[in-house]
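Okay, here's the structure, questions in a sec.
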Amino acid sequence: MLYRQTGQFKTTYAADQQIFPLRQDRIAMALLLAIAFVAVPLIGTTYWLTAILIPFLILSLAAIGLNILTGYAGQLSLGTAAFMAIGAFITYNFILRMPWLGAIPSIILAGLCAAGVGLAFGLPSVRIKGFYLAVATLACQFFVLWVLQRVDWLKNYSTSGVITAQTIEIFGYAFDSPASKYLLTLSVVAVMALAAKNMMRGRTGRAFMAVRDMDVAASVIGIRIMRAKLLAFAISSFYCAVAGALYTYMYLLTVEPEAFRLELSFRVLFMIIIGGVGSILGSFLGAAFITLLPILLNRGSEWISGIFNVDISHATVSHFESIIFGSLIIIFLIVEPQGLARLWQIAKEKMRRWPFPY
Amino acid sequence: MGERAQQFGEVILAVESVSLAFGGVMALDDVSFDVREREIRAIIGPNGAGKSSMLNVINGVYHPQQGSITFKGLSRSDMEPHKAAKEGIARTFQNIALFKGMTVLDNVMTGRELKMRCNFLQQALWIGPARRDEIEHREVVEGIIEFLEIQAYRKVPVRQLPYGLQKRVDLARALAMEPSVLLLDEPMAGMSLEEKQSMCRFILDINGHYGTTIVLIEHDMGVVMDISDRVVVLDYGRKIGDGTPDQIRNSQAVIDAYLGVAR
Amino acid sequence: MSEDLSRFDTFPKLLAHHAAVRGARPAIRNKRRGIWQTHSWSDVAREVRRIACGLAALGFKRGDHLAVIGDNRPCLCAAVCAAQALGGIPVPLYQDSPSAELVYPIQNAEIAFAMVEDQEQVDKLIEILPQCPSLKRICYNESRGMRDYTDERLTNYETLTSLGDDYDRAHPEFYAAQVAKGVGADIAGIFSTSGTTGHPKGVVLTHMALIDRAHAVAQLEGLRETDQVLAYLSPAWIGQSVFSCAQPFVTGYCICCPESFETVTSDMCEIGPTYYFAPPRVLEALFRQVSIRMEGASALKRRLYRYFMRVAGRVGGEILDGKPIGGLDRLMYALGALVVYEPLRDGLGMGQVRVAYVAGEALSPDLFRFYRSIGINLKQLYGTTETSVFVCIQRNGQVKDDTVGPAVAGVQLNFTSRRELLVRSPGMFKEYYKNPQATAEAKDAEGWFHTGDAGFIDADGHLKILDRVQDIGRLNDGTLFAPKYLENKLKSYPYIKEVVALGQDRDMACAFINIDSEAVGVWAERRNLSYSGYANLASQDEVYDLIRECVEKVNSELAHEPELAHSQIHRFLILHKELDPDDGELTRTRKLRRRHVVEKYATLVDAIYSGKQTSHVTLEVRYEDGRTGSISADLKIRDAKTFPPVAARKSA
Amino acid sequence: MSFFIEVLVGGLLAGVMYSLVALGFVLIYKASGVFNYAQGSMVFFAALCFVSMIENGVDFWLAIAITITVMIVLAVLIERTVLRPLVNQSPIALFMATIGLAFVLEGASQIIWDSQPHLLELGIQDEPIAWLSQHASIYISRLDLFGAAVAGILVLVLAVFFHKTRIGRALRAVADDHQAALSIGIPLQHIWAIVWAVAGFVALVAGLMWGARTGVQYALTFVALKALPVLILGGFESISGAIVGGLIIGASEKLAEVYLGPYVGGGIESWFAYVIALLFLLVRPQGLFGEKIIDRV
């Protein structure tokens, strides 16, 4: 309806292969970024920035990480949180022990370490598929957490087992105000999302999807299945690790290994199921959905208890929450396995075809 | 076929007394034959004669218990799929094995995997080599898309295409590898007559235009006999005939074992 | 179109000019391999030069003919111009015609050279080589599948062009000299008329003729170098070649060639032509698609669509013509534009169309209005191959759906006593190739071309086409009598199904009328007047009155058309039975067999002209089951009011 | 030495408890090819349902009966709302669905019956068997022994159920291939419902055993996670595999805890089982008793 496509023809492959081939989409994206980078920091309240937007962005990044592995390469993983934990704690140690390194390099190094671990636990994927692999990643989840709990050196021997994130400084500028934290997070997420999109729309992504859709055919074409799978694990772990670091330094600020329990892995998994498996956009949609829903529920419960002046215990609310999440997963798997991203895509198609149905 | 015969080069692929068994079942029993450059070689036989197994052995999906495969002078007892691909063996699949989640274009692009040089980092930053790769190979792929006349479906997800077209995309993907030998697994299975004819045209054009050696499997003799230069006949995993279509038509063994069954 | 091109009297010269002044601008966009590959004017010039030299190297001489067979492809356009550059004569032939149909034109023009698209065309030519000994060289563009072809008369495009390069290097002045030799009076091409009977006639058109017409229209429509045309019809059709060769070479706009037959629609949506033309059948097909697709739409969409199409039907045309419209309507239309019209245009790929012609035959008024109402500036165009197409074009803002508009600058119109339209125009054809007698028939001494169409100029100076001449008659007073025209006018009323207009060599026009039993039936029920069957209904006085109103409305309209004022319907009767193919009154395609009907109902004809009030008629009918019987009836005959001719208003 | 035996036997007995849970997975996987992540939640659900009735003074056997009926109803519900709509979906999708299911069950059970830990008394003290401790000075909990016994009985019952009853044979047929099952004349849906019900029953038993030992609380759901390595070892399809796997895991885990634990700061049983499983996977991907699959082209 709003799309005017006539005259948008491509004379080069470069133009034809860009991420947003349609002018209208490019404009929309530009607007969105402008709002996110300029408007939001100006008008956003501290609550919105610190309690909603920052975690949303960070979890989106984690979701992208998982999506690369599960959505594109088709390797189910339940160990997301573990890799986030690695990111968090390794970053902590780099900044702690090599302050001269600087924040960003520390995070990147942490990411690389995580990638290494990812490779190690990805190895079984060469031999095994599906559930077995899922179990392998579970093993990773437990093992990593155990290590983090046991090895006090990693926590700088803090008696409580809790680490406190140092303030990030880049070129002497300290990121301690909500707005600055938000902007830093946003930039990192934006850049990495773009990078992910680039990989997934190019050779790498095609290889992943080939392995996912029909591995025999892929190998016959000359795609090295093992290489593709391991690469997927490595990249995914890297993304999750960075997300974990941000989760600690931009959001939680004080962390114990327990913060990265299996539940977190599941939350991220839910994000990509609801948001859309095999879609970068979906990662964002899912993250938004999963971060906003609990808030809405809490508001709702307060509202209800306000009206009927019965007090609803937080436990009950959280139980309801898990029921709702659970059923949502099932519903989405039944109704729209491709998730919100697919719905969005359909809506867009309709807009383009308007007024025609097809 | 007379003047065609001159165009053929050396033996490019030789299968020597290959035997393959699943558990107790003998899929291939001491089969040997050779394929010469630029010829169209058909392997025919009733269903379950071991035709597909033969292909799977040639490009390394299955590993034979005995025998060896000589490709471009290099002899080995078994292949690895991606090694086979590297050395220039491409194939299509009987029950189309396309990447259902991707568009036609992406499917064919995957065929360029081996020719691409950029790594995932360059991809991520979308800098020089990555861009160049994507564009250069897109050009090649577009050439193939044009050759197989599927321009109209370029950006359609393959799962939405009718069967006949999917077969063509499968062929396009294999062709994108610029193979020296192209293995076609029942390229005309389940096609309408027109579709079969156009597929024949494509096969001949590929052989003529790219000079690709073609090994194709069919269980229905009719079409194959017209387009192939030499034919191997399998039955219950054994080779029971090998020669020009005419020789095969007149071979008693084949008539008994095969025509009886199929017709 | 500011620049003065009068000094360029041939296409090759024009090409050189464009290459010089707008060398970098796109001349041809060719969708190949998924993207629009752009050939600039200088590219095209270079290509033409190479081909020309190549042809010369192969022995192509001035006056030789070059058959061009294939789809709209840059190299074929170039080949046409190359032949012209060498003073040769390109002969575009239909790429979809079977080999047999290619024989005649090739033999007739003793064509020696052919430039074809691909294997398919080559096969056709090779097949007919025995019958066409003159053909000594076939150049083909796509070498796919040509590997095993050994015939030495075949040359592929690469060889041709490389030959050209060598030749060019050897004779650097050759090309320029050849181009310079050309003059406007030279033959620019031979186009086959859409031949109905016998062999198609080859219409010979000169550079000057084509260039002049292209010029006139370019000025008329203000075509610019930034315009774009989608070349999607056969280049052998004069229409296509004028739009995709003559006009761009004059105005320097860009031609766009779709990727393949299947992709025409989507390619059109991508490229978004600004200048569009189509024969009625295309527009009809498009409209059918629209309505079919809308049927599948959700209820809401359908309602929106219907509502806003009604709005458009009311005011769309006027708004397009820049007529004053009420504020509310304007608002509604603006809304509609946002929700329906623009998306619709976009979907049809006409989002950027500035000027669109419907050429060929006439398009049905409703369709015509549909396209205009959604804001597509569609206009009727009258032209023939012999006149380099453009004769009349509707002007922006003065579009009437029943005329083809005033004459294009430079065209003189005249009419024979039999109302046949005569045209004299700078775009006049030279001759029918090797057919002097046909030429003589078509073009008289004073250079008037006899179109074979009957028509007249209406009050606003627009040309109105009535009918083919052979169907036109006259009344005793010598004034024009166009039965089909009258019949169509009457049939535009829902109550009237069939009409037989009488008046050839009579004092006045009369009519037999068949009522539409459904429409009239409904009408009758609303008036709750009872009737038993068709014959009975047809004989009711009320029905007669109803029909008379229609007839008188038509008469009043006719009164405003000086040419036809005298053929107002004075008397009419309603037939007691429906005209029926089974009784040989209509053809199977439900066309009226006038002569047959007149003979069959002779008694009625006499009655109607002898001023009787009733007439008894008995005639034999064939029933469904094949039995024959006879029905007899007394038919009433009524007079209809006629109006004095209104003096023609002077058109503003 | 006797200490070693004590640890070993203790481990084996604990292993049996794992097997109890693992059985639930195997049953469902065999019949419907679904890896039911919600098994743990079912254990929790069943135990909680049972214990809350006991606490409200319902007679033991009656409570058992009611709980079983509840589990059957649950099974039917699940088949209707989750499995049937998802039929012909990829196994991974089904697996994810069961994760969702797990959340629903956990949430629901804690809302219906409050989420505090409950004590569960089966009348068997968790104390060493006097005779053994006196004569061989080997300390083995009676509860463990009892649990092992129950598990043994359960396996026997199941074996009978699978080999002697018509439904049981049908279930086995389904495991082999669905067509065969249809030919037996039992609609697939029913079979699934039944199998889930049986799994529910197994969950109840496991729930009781574990509940009696650790108390009925949310942590019970993690027992399922413990069972996963067992599955990897034993293979998803084989009941005997589940038993053997359970024993191996249990034993090795305990041994590792006792003999390795001290060096790495203890608490290794949270992951050790998995690591064993993984190492094992690399050697034999299809598990102890699973058979090799060749994917045809």
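For clarity, chains are labelled A, B, C and D in written order, and residue numbers in each chain start from 1.
Everything that follows uses one rule, which is that a contact is a pair of C-beta atoms (placed from the backbone, for glycine too) under 8 Å apart; a residue touches a chain by one contact, two chains touch by 3 or more.
Keep in mind that what you see is a predicted model, and the values were worked out from it rather than measured.
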Intersection of the contact lists for chain B and chain D: A
Between A-B and A-C, the pair joined by more C-beta contacts: A-B
Chain of greatest Cα-centre distance to chain A: C
Distance between chain centroids, defined by C-alpha means - chain A, chain C (Å): 61
Inter-centroid spacing, chain D versus chain C (mean Cα positions, whole Å): 81
Gap in Å, rounded to a whole number, between the CA centres of chain B and chain A: 41
Whole-Å gap between the CA centroids of chain A and chain D: 33
Shared interface positions of chain A, touching two or more other chains: 13, 216
Chain C, residues touching no fewer than two other chains: 34
Set of chain B residues in contact with two or more other chains: 61, 93, 97, 138-139
Residues of chain B defined as touching chain C within the complex: 105, 138-139, 142-143, 145-147, 149, 151-152, 154, 205, 208-209
Chain C partner contacts - residues on chain A that touch it in the complex: 1, 3-13, 15-16, 353-358
Contacting residues of chain C [partner chain A, same complex]: 29, 34-38, 269-272, 290, 293-294, 296-298, 301, 304-305, 339-340, 342-347, 349-352
Chain B residues within the chain A interface of the complex: 59, 61, 81-82, 84-86, 90-91, 93, 97-102, 106, 109-111, 113-114, 116, 118, 120, 123-126, 130-131, 133-135, 138-139, 173, 177
Residue ranges of chain A in contact with chain D within the complex: 74, 76, 123-124, 127-128, 130-132, 134-136, 138-139, 142-143, 145-146, 149-150, 216, 262, 266, 269, 273, 315-316, 319-323, 325-330, 333-334, 337
